[in-house]
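My structure is below; once you've seen it, I'll send some questions.
In this document, chain identifiers A, B, C and D correspond to the written order of the chains, with residue numbering beginning at 1 in each.
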């Protein structure tokens, strides 16, 4: 029983960590710009295609992951300047615009790559056996990278000037402005960074699953659940909510089955909403 | 020689006009206070000076530079700084981080100097440096807000209701700090509803009533003016 | 004399902050009761506790013998205790007449169950129109009945807001800073209006206000809050002369010592 | 009389629409007409939500629930179509009644996210509960409806059925908007706090509208199921966006908005089947452009033009 629990926990933490990466960007964008980026899953999808294309051109997996994510982030900045800045603070309008962008990006992927499943070569093979718990190396890599990225992101938010300004803008944009922070710069930077995180998550998951134009939908759905659980706009909430979701899913689906797990998780979300409508961690960065 | 000049400044929210053609001037190095009952337009005026609300009309200049239309994030580079009404700290950030935000436009070296100065003014902040600003007491929050405003090393400090909701003893601490700040050459425009406190701290006062200057003069003379009392306590105004 | 609104020993904490401590008062029929205090004294918190926006930590609020603390705002309004807001007082996109008609209609058709009573809609429609017309006469709004409420001058919007509350057929009005944002002329007009509301409509009023001039001139009794405590509860002339009140408003001399 | 004029116009439009299959007997055109009428219905159901100030992403799932309910009632329980049809609406309304008081406590954005999660869970059930819903391969051989002894098995008959449903939905929506209930939901959308302070139980009315809206969405699903005779979860992907787009494009401020939106937008992808990816691409760009440049939709544009002309004359 203890072994099973350990295995469930490890699996949950690994899948949860990638959920966190997607949810972090989503929640940060909504916290800072009051925009619900329903196209967030498509930035994840772009990250996966980025790795696919770049490795096709002979780049190694890790450089491809990094460069791909940076391109996704840069594209996010462009989208913010082009589209999203007009709907800042108007959550419903922002949502519809983002839905539109999501449709556009999926269609573009379909036009460029077709509806086929593309495979990215796995950078590592084999399985790590720790007595009773066994973890495939590629999964371990994803989990390790995801936690590493979370750590870097944490350091960025805590110790850099721009990171600090992002948190300040999320809490009180006007007051941040009178300290000399240019809000439009922070908006673009936060949107780009959020997209970069989603791109990284997509790139990390690409070798494990195949790549197709709709792969972003699932992680985005998870991100929604996570932000309801953790509180919209809350960074700690995204981490706690993501890991919680990963472990809960792993637990329920190992012991019962996938569908029941999804329903139980949904019931959990409804429960959280009844008890704490602002989410587990409230609304602050 | 006057340094902050407001010339017929008007401010409005939608169809509610908050400030009507207010003109006032503040001498460099002085402490000047703006009095008035609630809703008199005092905060609106400060917010307009720093660029948080656009002007409906009029002109603002600071040290001879035209500040009309300056956006909020540019004002700090002109030496302006505001400690807003209700403190408005970043509640999820620590005291240290709030102060760091105040020094957002400063270089690392200048930040260290400003920090020393702020900790000198408010030793309590040093003890609370790692605490979340939202968990501070009211007095500490006010110190943090003034401290944050001082971190940009401003030449003009705008203080909005620094005594609001504070216990009398803490008000004394804050008042002393304001005097100290002024002694280092910072010009201060202070909005207060605690009239006695404000008049004691300042050398000149303007009294606003429903968005207009109703009265102004040297603070010493206004302290005993029945008009001021009438504005606050609704007695029969004789003038 | 029976109490209309009775508030017993209300306290309320936020985190570590004691926003209200042991606030108590009782209004009598036919009274205009004022609540004042410097900024941050706890007026808004008290108002929110009375109107059920959040429950008190301890204490009771009783309206005409029924405890109301913690009940939803609409339910309390249907019982006859109607509140007005500082900022949002009208439906900006609608005409003046429609605003008043809504005020009356919502009090009559407040719950979805009205759809089961076929006649309710018809009678309510007629009653609402009649009430709206009455109030237009009372407030002398005849010249602007078809104007969009959002286009009215701010002072008139406030008057309309009072009219809408009247249309809801209240027994008592609870008003949150009705004079905020008004100029002295408008404030004076509003004060007169409140006196007429009490006189001609027999509606009691509890008003939280900053404007001393107005509150002193219309209230029968005034309660002064400072730091969440009642420091004075008396007639206007007594309140104005009370040293504790003067100190609360103008500050004390020993703060700089 | 205004009512008289409206009744006349409505009857005339319906008459023209009823006659469409006689002039365009081609099967694919009638298919498009059926789908358009169903989306008019669904669009109107969403319009009720939007008028109350709520964006629901659960309506595609609502339609799906209606479809499966109606199909299974006939297939498993052997109920007649008329009963199954009503059951499909009631099923969704019941779900709305139970979930509404919880979901609708949540304002704005959380409500949107939550309805999205709800729709995901619902669709997951259809996919995974194979014994009942047939999983990804879905349900096939759904029986054709029999009403008043008449078997509905031609596209033309379904068109009339869908048209009747759309017509009734339109009348229901219009009646609601023009009644006291309409005033109430407008007030809730504009100033909920103020409406409550005057004695309005805003939550009660929001739940009511959620139920009515769900009921209509369920009915549209029922007609869809028996028309297609085949159901799979996949069929409902994209509906979520379509139904919002219809309202945004047409303009959500009037019940005519979603009608116009559906009539213009639904035939488009069907007519250009060959270039579907490009169609979808154009769809997305349209959605963004509309939201940025024409946030009030066609109806809003018409009103602006009309009022500008009114002012000039």
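Here, a contact is a pair of C-beta atoms (placed from the backbone, for glycine too) under 8 Å apart; a residue touches a chain by one contact, two chains touch by 3 or more.
Note that the structure is predicted; figures quoted are calculated from it, not measured.
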item	value
Lowest number of touching-chain links that must be crossed from chain A to chain C	2
By number of C-beta contact pairs, the top two chains	A-D
Chain located farthest away, centre of chain D as origin (C-alpha)	B
Intercentroid distance (Cα basis), chain D paired with chain C, Å	43
Centre-to-centre distance between chain D and chain B (centres being mean Cα positions), rounded to whole Å	55
Between chain D and chain A, distance of the C-alpha-averaged centres to the nearest whole Å	32
Pairs of chains found to touch, sorted by chain label	A-B, A-D, B-C, C-D
Contacting residues of chain B [partner chain C, same complex]	15-16, 18, 37-39, 135, 137-138, 161, 163-165, 167-168, 171-172, 175-176, 193-197, 200, 209-211, 229, 232-235
Chain B partner contacts - residues on chain C that touch it in the complex	15-17, 38-40, 153-154, 179-184, 210-217, 227, 240, 245-246, 249-257
Of chain D, residues touching chain C in the complex	179-181, 183-184, 187, 190-191, 193-202, 204-205, 207-208
For the chain A and chain B complex, residues of the former touching the latter	161, 164-165, 167-168, 171-172, 174-183, 284-285
Touch list for chain C against partner chain D, complex	72-75, 77-78, 82-85, 88-94, 102-103, 105-107, 109-112, 114-115, 121, 124-125, 164-165, 167-168
